[in-house]
Structure formats: C-alpha cells, structure tokens
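Shared between the two complexes below is chain A, which has chain B as its partner in the first and chain C in the second.
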Partner chain A sequence: MSPDYLELLHALMPEAALVIGALVVLGFDLVVAKRDTLEERMNSSVTIGALSIVAALWHTVRAGAFGPAFGGVLNFDHLAVAARGGVLVLALLTLLLSAGTAHARHGAEYVAVILFATVGFTLMAAAQQLLLAFLALELASLSLYVLAGFDKSRPASAEAGLKYFLFGGMAAAFLLFGFSLIYGLTGSIELPQIAAQLAHQGMSPLLVVALVMVLVAFGFKASAAPFHLWAPDVYEGAPVSSAALIASASKLAGFTLFTRLLWPGFGIVAGIAPTAHVWAGWVPVVLLLSGSSLFIGNLGALAQTNVRRLLAYSAIAHAGALLLGVVVAGRAGPGPLFYYAATYGLATVGAFGVIGVVAKAGACQKITDLAGLHRRSPLLAGCLMIFILSLAGVPPLAGFFGKFAVFAAALQLGGLASPVGWLVFLAIAFSAVALYYYLVILKQALVTAPAADASRIAVPAPAAITLAAAALMLLLFGIFPSLLLGMF
Partner chain B sequence: MISVSLNAYLALSVILFALGFLGVLVRRNTIVIFMCLELMLVAATIAFVAFSCYNGTMDGNVFVFFILTVAAAEVAVGLAIIVALFRRRQTIQVDQLDSLKN
Partner chain C sequence: MNALPCTIYISFTGALLALVAGIRSAATARVVALLTALTSFGVTLMAAMDFVPGPGLQTLINHPWIPQLGIRYHLAADGISMTLIVLTGIAAVAGILFSWNIEERAGEFFAFFLTLIGGVYGVFLSADAFTLFVFYEIAIVPKYFLIANWGSTNREYGAMKLVLYSFAGSALVLAGLLWAYAAGGAHSFGIGDLAAAARHFSPALQTGMFALVFLGFAVLAGLFPFHTWAPTGHVAAPTAASMLLAGVVMKLGAYGCLRVAMPLFPLGLAFWQPAIAGLAIVGILYAGLVALVQDDFKFVIGYSSVSHMGFVLLGLAAANAQAVSGAVLQMFSHGVIAGLLFAVVGRMVYERTHTRQLEDLRKMPLHRLMPFAAATFVLAGLASMGMPGFSGFPAELTILIGTWKTAPMWALAAAVGVPVAAAFTLRVIQVSFFGSTEAKAVPATAVHPLPPITLAEKTGALLLLGATLLVGLKPDLLFDWINPALQSPLFQAMFKGGTP
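Our next item is the complex of A and B:
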C-alpha cells in the first residue's frame, strides 16, 4: 500500500478545519483579546469555534459518502457521513449554549478542548481500523475528562472529572486488551480482514474473552447498566455544557464506532440468527445490557429529585433502547439507530441548555428549582416542554419516531415470541413509566407557581436562537423523519 | 538462548492485567488506582508485542508506540484532575469523595 497523503488531506478536511479553529481560538485569545473582559473573550472564542465547526460541516456535506479512504483505514459510508454531520451539529449547539456561562475564566481553553473532543468524535464516526478507533476514542475521552473537571471553583466538578476519568480509563484498558486479543487471533487490525479471518475461524474461547472486553468498553461509553455508575455523578457535577456534550455527541459517536466494530467487524460471531437457536455470540450480551439498562434507568429515574441526575438515569434508559437499535442494525441497517441517537442528542442538548440558562439566574439542581418557569421565561418553558416530550416519546416529536423505528425493526427481526420481541415489550411498558418522571419535570415548569423570590430570567440572544433551533429541528424531524432516514 | 513461548508472554500479560484490575477495585488511594490503570495498559502492550512477534506483522509493534503516547497523555490529564480535586477537597481518598450523592 502506498499511502496517498493528498487523498487523506481531502478526506480529513473537516478535522483539519476543527484543529486549525482550536489553534486560532487559543492564539487569538493569547495575542489579540488579552485586554478584553472575560465575557468578550469568551464570546470571541465561541464565535471562532462556531465558524470552524460550520466549515467542518460544510466540508463533510460537500464531500459526501465516497467510501474507504487511505487504504481502508477510514470508511466514509453513509453512516459515517451522517454521524459526522450529526456530531458536528450537536457540538455546535453545545458550543453556542456554553457562551457566557459561569466558568468563563478560561473560555478560550474550554472552547479549544470542545473542538478537540469534536475531532475525536468525527474520527470515531469514520474509523475502520482498531488503531485509529482507539486513538479517536481516547482523543474524545481525554478531552471529555478535562471538560467534566473544568470548573475549578466547584469541588463537585473536579470530583465528577475524577470519577469519569477513573471509569473511562478502566474501560479504555479493557478495550485495548480486547483489541490485542483480536489482533492476536486474526493477525490484522483492519476490520475487513478481521471479518474475513473470523469467518474462517469461527468462535473460540479467546474470542469470547476479547468480545466481552470490547463490550465492557461499549457499555461504559453508552452508559449502559451495569457500567452506568459514573453517569449520574458526572451529569450532576460537570459544567452544564460539558454534561450536554457527554450526553449527546459523545453518545452518537460511541454508538457509531461500536456499531461499525460489531457488525462489519464481528458480525460473523453475532450469534443470533432469528430462526436458528444459536446463542453464542455478542448479540445476547448486548440484549442483556439493553434489558438491564431499561430496568435500572427507568426505575432509578423515579426516585430522583435532582433534575440533572434524573436526566442521567433517563440517558441510561435511552441507552437500553439504543442497544436494541445496535442489534437491529445488522438486518435493518444503521438508519433507525442513527435517527434515535441523533434526535435523542438534540433533545438532551436542549434540556441541558435550558438548565444552563436557568442556572445562571440561580441554582438549578433540584427539580423544584424549575418551578414556575412559564412565568419566569415563557420561551424557556416552551422549549423545555418540546425537549422533555421528545425524550418521553410523545407523537409529533422526533423522539416518538425514533422509538417507533427501532422497535418496529426489532419486531421484524424475530417476531413477538423471540427474546428481542420480549425486550421490545419491556421497552414499551417502560416508556409509560418514563412518561411519569418526565411529566414531573413538566409539572414544575408549566403548572407550579414560581417561588416568591424568583425573578424573570433574561435569555441571552444566542442561547434563545440555539434552543429555538433545536426545538424546531425536533419538530421537523418528527414530522418528516425521512429527512434523516433517507440518508441511508 | 532460551526461547520463550507465546503462552508465557500471554500469561504474564493476563497476570499483569488481573493485578491492575484488582488494584483498581480494592485500593482507595487515587494515585495507586491510577498506577493500576497504567499497569492494565502495559499488560495490553505486552500482549500486542507478543502477538506481533508471533504473527509476523508490524501492526502490533506500531500500536505500542501509540499506546505509550496515549498513556502519557492520560497521565497528564489524570494528574491535573487529581491536583484540582486536592486543592478543593484536601483529600484524594476515593471513599471520601461522596459529595455527589442524594
């Protein structure tokens, strides 16, 4: 293989735009903006960062899906392009919502680390080789650890960063050991060759160990039970916009990476043919993770009084449904999974954005801190209603169609009587449970009277536009789901 | 010269990985947990080199250079987080880090 670096540069234009953007942000802040106030510096950093994300988005859309690049190390298929676009949009929304937040003392660094994390996400979406997959995952993870612990003025933030780091470091070590076993078994780190070798070799005890180790890392990234322990603490302690990025873009990129790893790479040893009773393989394990996430996520959320912890448990519950989407991706393609993950990300970024704006006017940890939001700021209350209803899966919104697409594809896989069918029933039943705790939030925001000392909330213009855009997108994708599903 | 079999290398690597994992689970000092994480990465490194030698391809050896780089970056980020935490809480024992609970 003679490497074609020009082709590589062409393929990685979005990443180049992001890295250059991050360096310009740092340089501008260091040289030009050093006499400005903290708020002006944060605003100029966010503007430059947003421009570089828009440039990356433009390059991604213009290049389109052109297949494998650089000797098969990267694969720009439809899933990769859609996931790269989705990740960039989610990162852009997070960035715009982070403007003017409380931790503005190192605004430029914060924006630069967000951009580096985004580079990791976009590479994760296209990686087709174990080395690049590991590096992209680590680039994203290390940036996210920094973002989680960024607010040095609060002990909670550092604690969230440490917990995320320890769990994440362990997951990375498991993933790496799994990769080394796969490399030893197949003699290759390229997914197509690995798939060809596995078709030849079939299942072996060493491969079982390797698959389990990879799935542990996947479970961590997806915050699936029983690897979810970090999620509530991190969502509660991290700065709001970091939590939004961890909950949205990181999820979408992680699910894309592991779907690519599991289906094209290890699809041979998936181990569940809908008709034959073959039970050795990774699909039963993923189904188990999915079921336990649905249980723990939904039941745990019922007991929460902290709105951010509640969103974390809701994320665990959604991870259960998304894992179902991973299982159906083998037959139905990655369309339903991508649709679900992308619209879930939009709703979560929006919900965290609302919390961030409210938190600037006063504390926003308890659900009761949202009381009377309809009086304090009708715009925020309206947007929050759309985000929460979409998370709950109420029909005209995108959250409903995401659930519908995944569950319908799952039922086609094995009918009602198969384990997948039972899991769909469980998920639908838990959707009703979930409606309860989502409505608890909405009741506080829309019905309860505000506290006596609560003042009106002034929503900054960029945040207002971003939240409205996210809400509109949820409505649009819910009414015209083919806008996203038609990309596959 | 004594030739060492692949299985011996793998056994060493599995033992190191298990020791690291055990350390992460039972130790209470963040710095020691952190060292155990590095031990797990080193275990994977040994497996990669052994497999690379056994398979006769260079991929595993190249992988190792990147693992070392990533491990160094992880140390930098991890120690920074630990320092930030110590400044706020005056402790790095994980069982005293329980402010994020209901």
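Our next item is the complex of A and C:
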C-alpha cells in the first residue's frame, strides 16, 4: 500500500471542514467572544459549527461516490455517501436545536464536541478497515460520553454520562477483543481480505466467539435488547440535544458501520444464504436480538410515564426493526435500512427538539408536562404530531415507508411462514401496540387542556425553522421515498 | 371523469386551508370546509354524469411512484367505486352541515375531518394495493383526534379503542399484502398484477393470505366479534364523526374486502366463505338483539349499524353477482341512512336536550317540541327497517335473494334480522319521540322551549333523505353502475371460486 496523502485529503475534506470548524469555534470563543453574554457565545459557536457542517455536507455531495480510497481503508460507495450526508444533516439539526435549548455554559466546548462526534460518525460511515472502524467508533463514543454528562448542574446528567461510559467502554472492549480474534484468524484487518479468508476457512469455533463479541458491541450501539439497559437512563438524564444526537446520528452511523462489517466482511458466514440449510452464522443471533428488542421495547414503552424514557423504549423497539433491515441488507442492499435509520433519526431529533423547547419554558419530564401543547404553542404541537406519527409508522410520513420497505424486503427472504416472516409479523403486530403509547403522548399534546399555570411557549426562530424543516422532510421523504431510495 | 382524483387533492388542500382559516374564526373555517366538500362533491357529480359503466376499472392516472419496489400511483374507478365516491361526497357535505355549531378549535376539527374525507376518496379510487393502504391509514388516524377532542361520553376511551382496532386490522392487512407481494416475486402492488400472481399460489398460501387481509379489513366493517369498537366509538364521537364513521369509514372495510381480499385470493374466499357468512349472520342477529335493549339512544343506532353492516358482509360472503351488487347498494344505503340517524340523535336531539337516555327522552314530548326531528327520524327509521320506497329495501332484498342462491339457510337465518331491525327501530321511535303523547303528562310550562332546528341541519337532513328516497325509488340508478363492474374478469373469476 503506497499512501497517497493528496487523495486522502481530497477524500476527507468533510472531516477536515468539521475539525477546522471545531477549532475555530473554540478559538473564536476564547479570543473574540470572551466578553459576550453566555447566550451570545452559544449562538456564535452554533453559527460557526453549522457553517462547518454545511461545508462538510457540500463537499460530501459534490464528491459523490468514488469507491475505495487510501488503499481501501475507506470506501466511499453509495452507502457511505448517503450515510455521511445523513449524519451531517442530523448533526446540523441537532446543533441548530441546541442553540435555543442547551445548557449555555461552556457553549463553545459543547459545540466543538458535537463536531468531533460528527467526525467520528462520518468516518464510521466509510470505514472499511477494522482499525479505522474502531478508532472512528471510539472518537464518536468518547465525544458522546462527554456530551451525555455535559450538564454539570444536574446529577441525572452525570449519571447518564457515567452509565453510558461504563456500558460503552465494556462494549468497546468486546469489540476490540473480537477484532483481534478476527485478525488472528484471517491475518488481516482489511474487510475484503477478511472476506476472502473466511470464504476459504468457513465457520470455526473461534470465529463464533469473535462474531459474538462483535455483535455485543453492535447490540450496545444499536440499543438492542438485551444490551439496551443504558438507553432509558441516558435518554432521560443527558442534555436534550446530546440525547438527540445519541438517538439519531449515532444510530445511523452505527448501523452503517456494522452493516458494512457484517455483510461485506462476514457475509460469507451469515448463515442465511438461500442455499444453506443449516442455520449457523450471525444472522440468527441478529434475528434473536431483533425479536427481543421488539418485545422489550414495545412492552416496556407501555409502562412509561416519562416522555424521554418512552422515547428510549421506542428506540429499542425501532432497533428491533432496524436489525431486520441489517439482515435484509445482504439481499436487498442497504437501501431500506438506510431509509429507515435516516428517517427514524429525523423524527427522533424532531421529537427531542420539541421536548427541548418545552423544557426551556418549564419542565418536560413527564408525559403530562406536554399537556395542552396545542394551546401553548400550536407550531410545536403540530410538529410533534408529525414526528410521533412518523415514529408510529403512519403514512404518508416517512416512518411508515421505512418499515414497509424493510418488511417487504424481509418477506422476500422466506415468506411469512419462515423465522424471518414470523419476526416481520411480530413487528407489524407490535406496530399496533406502539400506536397506543405514541397516542398517549399525542393525547397530552393535542387533546388535554393545559395545566392552570402553563403559559404560552415562545419558540426561538432557529428552533422553529429547524423543527418545521424536519417535519417537512419527513412528509417529503414519506410521499416520495424514491428521493432517498434512489441514492443506491 | 378524469377529474376524479382531484377530489382527493381538493380535500387535503381544504384541510390545510380550514386549519389556517380557523386561526381567524370558526365561521371562516366552516365556510372553507363546506366549500371544499361542495367542490369535491361537484367534481364527483360531474364525473358521475359522463361515467360510462363497464367491466373493469377505468384508469384515471397511472404513474410510477416508487420504482424501486414496483409501486405505482394508480387511481381508477368502476361502478362500485363511483357508487361509494358519490356516497362520500354526500356524507362529507352533510357531515359539515351537521357540525355547523362547532366553535371550539373549529379549524383543527375541519382539518381532521377533511383529511379523513380525502383518505376515503383515495381508498375508493385506488387500483394499487399500496396506494389503497396508504389512503386507508390516512383515514384512520384523524378519527382519534376527532373523537378525543370533540366527542362526548367516554371519548378518550372510545377514540383509543376505535383507532387501535382499526390499526390492528390494518396491520393484518399489511402483513397479508406484503406476504402476497413477496411471494409473487415482488414486482408490483397493482391489484390486477397481485391477483395474476396469486393464481400460482398454493391453496394453503391463498387461504392464509386471505384470512389476514379479509379479517384485517372486516374489523373496520364491523365483523362480529370484532365489532365492539363500533358502538363505543360511534357513541363517543361528535355527530359529524359518527356520521362519517357509520357512513363511510365502515364501508372502507367492506370495500377493502371486496376490492382486495376477495378477488386476490378466490381460493381463500372459497375456504373461509361459510365462516364469514356465519359470523355475518351472528352479527346481524346479535347486534340487532343488543340494540333492542339499549338505554342510550346513540348505542341503539351504533348497534344497528353493526347489524346492517352484517348484511353487507353476508352479501360479500355469498360471492355471487347478485348478492355482491346488493351488498354494494347496501353500503350506499346504510351510509346515507346511518348518517341521517346519527344526525338526528347526535345533533338535533342530544345537543338540545343534553340527554340520550331513553328514559329521560320518554318524559319529553319531543314530537311536539321538535316535529322536524321527529319526522326525519321516523322516515330514517322506516328506511332503516327496509321499507319499500327507501334504499334499504332493494339493497337488503337483493342481498337475501342473492344469498339464497348460494345457501338458502343463510338467507333464512339472516332474514330473521329484518323483523329484529323493525323491532328495535320502532321501539326507539316510540320511546324517544312519542314517549308522552298525552299533553297532561308534562305541563307545557315545565318544558324549556328548545332551540329551533337550523337551516344547516334541515339542508343536511333533506340531502340525506333525498338520496335514500331517490335510490329507493329507482335503485337501477346505482345497479346500472354496479352490475357491469361485477362483470370484470377479476370478479367473475372470484365468483367461480378461482377458476378463470
């Protein structure tokens, strides 16, 4: 491998833009904006950060898909470009929403860490080598631990940060151990070579151990049951925009990374090839994770009274459907999975954004804190309706089509009367259960009268525009899914 | 004719406009909503004028929608959809006239109302199963907000129950359709294409798919024992919403059964036919008997809806041209009559007397206090009982004759439902409107004069009465649309049990 650094620079322009943006944010805050109020400092940081993300987005779109770069360490295929675009858009929305809602102290540091996390996400989306994959994942994860525990004034935030860190560190250890075993087995850290070696070797006990370890880390990143326990506490305790980032962009990047590992890398031992009669491979394990996530997520959500915990359990339930998308990616391509993850991220960012704005005007912990939102702010109520109905999978919103595409592809693997088919049926049946807990939120927001002491909520203009844009995107992608599916 | 898809777009645009107009005032929102409904009704009537009945669906628009999955935006109409589209137009206009008194959050009310209507138009016009499903779900969710926000008794419970039943039903439909789509090679969701693919499925496969899709749709049509959402939902809903629920939304379910489940999986239909007919007959009789003993005026009408929809399902289960055409006519007829009954109970009586308890109403000389309501209800009651001259008569008669051709015992059993319907209708007429005929029973001074029936209500009532009378006196108006439609190869194959 002869490293061509010019090519690398060209390929990593978006990352460069983000890192430079983060440094400018810190420098500007330190040098120029020292005497401004906290609010102004936060706003200027967000502006610079947003500009750097837009620049990164522009580079990503302009460069397009140009295949492997830097000797195959990175692979800029259609999935990578789509996922990089997706995480950048989600990060941008999160950042804009944090302008009016986040804890204003240390605003510049907060924005800079979000940008560093985004660099991790974009690298995760393109990584095709185990070492880089791990480094990108860790860059993103370490930034997210910091973001989760950023609000020093609340113990819940510290608890969220610590829990996320402990679970995440454990998952990272598993992943590294799994990678080292794979390296030992195949003698390579490059996915194409690993795939070639595995095709040669086939299944071995050591490979089983390695795969299980990788899947543990995946389960953590995807918040799939039984590795979901961190999710409710982090979603509840972390600052709102950190939780939004963890729930959206991080999910999209994680699913992209692991789909790339599992299919191009270990696809040969998937264990669901149409010709294989023996069920041995990682697909059955992923299906198991998917089924348990559907159960625990949907049933757990029924019992929640805290809106953020409810969103966490809904995230676990969605992870179940997303894992199905990972399984079908081998045959149907990553299109359905990407569509699902991206639009799920949009809806989640939006929902957290609404929660953030409401929380700024008072408390927004319990579901009942949303009572009478239609009076307090019709805009927020309308946007929340779109986000929640999209999460519930009601057409014509994007959430419906995501589920539809994944399920349609999954049923092509073996009809309704196969294990995958049962899982699809379970997921479809649970969508009716899910509608219940989503409607519980909407009932508070759109039906119940506001509490006596509740005042009107003034929505800051950036937040209002961001929320409306997210809602419109959900509607647009829902009515014209080909806009996203056509990228593959 | 080609303007029919506009009904959908007009309704959705009207929903947005009404929402914006509601910020100004409730009156503006009302006017916008009425104009919207009238415009789409006008488009429907214009299309009905130059509609040439024929076998098979006449394509209105056919455009690739999601090429990656072979989904097309395909709208088409035949005599069956025309019948139901006209019904939707009537129900929409009447529903808005009967919600003229909504003041609180009127903009949102009419926005949800028109969204529902747009979805209903869409379902009746879809020739692609995916398109149909999307519109079907669009019609479900607004019901929750209509009922939970503007409803009455136990509204949050009724709304949630209704929406969860509907959504669970549509989940079954989705599972069945996806299964058929995947098994057919995942090329297309067009109803014709799916049916062509399904011809190669094994009987067992067809049986399973039919069970999912039919049951899913039948939940919304009020198939016993999955009908319990209907009475509670109807009672909880505001007047216009119960008119729509009974008038068109329950028809969505029956229409889905007829348009999707039955032609796609004729072998499945042949297998499940006796079970469906049995449940339909139980529904007719059980709901009729339950209606006989209700204390709440609206519950009587709610259960009567389930009973009348049983006839529709029976006609579908009989699966011959005559019974099915009767079933389609019954959909129209019940849509109009149930709308009228709910309008009288919910708007004219309840919002003036503030009670629906038959015991309380018995003490009021309602026939003198509101003669217009009493006369309307008597006429609607007669229509509901299946009196000749009203649309219910040709509809139920055709169903029974058609069913007789398939299985005489079914027709005999279902015919018992007719006197039961007469019994509960007559009882409720007597108790609620003519409970105290003696002037002495209630001193005139003790009765507060009730607000007079408004012009909007009278117009709406006359519109619905006119529709049921017109079709009752000349059912051929609709039969001439429906019967040719049933001659299409798809339906003919279905009548012959899957052998083309």
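As a convention for this text, the second predicted complex is superposed on the first by the 484 of 488 C-alpha atoms of A that agree within 3 Å, B and C clash if a C-alpha of one lies under 4 Å from a C-alpha of the other, contacts with A are read in each partner's own complex, and residues count from 1 in each chain.
Note that a contact is a pair of C-beta atoms (placed from the backbone, for glycine too) under 8 Å apart; a residue touches a chain by one contact, two chains touch by 3 or more.
None of these values were measured; they are calculated from a predicted model.
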| item | value |
| --- | --- |
| Partner chain in contact with A:G149 - chain B first, chain C second, else both or neither | first |
| Partner chain in contact with A:A405 - chain B first, chain C second, else both or neither | second |
| Partner with the higher number of touched chain A residues, chain C or chain B | B |
| Touching partner for A:L435 - first (chain B), second (chain C), both, neither | second |
| Contacts of A:L485 with chain B and chain C, given as first, second, both or neither | second |
| Chain B versus chain C as contact partner of A:E159, first or second or both or neither | first |
| First (chain B), second (chain C), both or neither touched by A:L115 | neither |
| Complex contact set, residues of chain A against chain C | 335, 374, 389, 394-396, 400-401, 404-405, 407-408, 411-412, 415-417, 421, 424-425, 428-429, 431-432, 435-436, 439, 442-443, 446-447, 481-482, 485-486 |
| Chain B-facing residues of chain A, complex | 130-131, 134-135, 138, 142, 145-146, 149, 152, 154-156, 158-163, 165-166, 169-170, 172-174, 176-177, 179-181, 183-184, 187-189, 232-233, 236-237, 304-306, 309 |
| Residue numbers on chain B that touch chain A, as the complex places them | 10, 13, 17, 20-21, 24, 30, 33-34, 37, 40-41, 43-44, 47-48, 50-52, 54-55, 57, 59-60, 62-63, 66-67, 70, 73-74, 77-78, 80-82, 84-85, 87-89, 94, 97, 99-100, 102 |
| Parts of chain C lying in touch with chain A, wherever the complex brings them together | 65-69, 105, 108, 130, 133-134, 137-138, 140-141, 144-145, 148-149, 156, 160, 163-164, 167-168, 171, 174-175, 178-179, 181-183, 186, 208 |
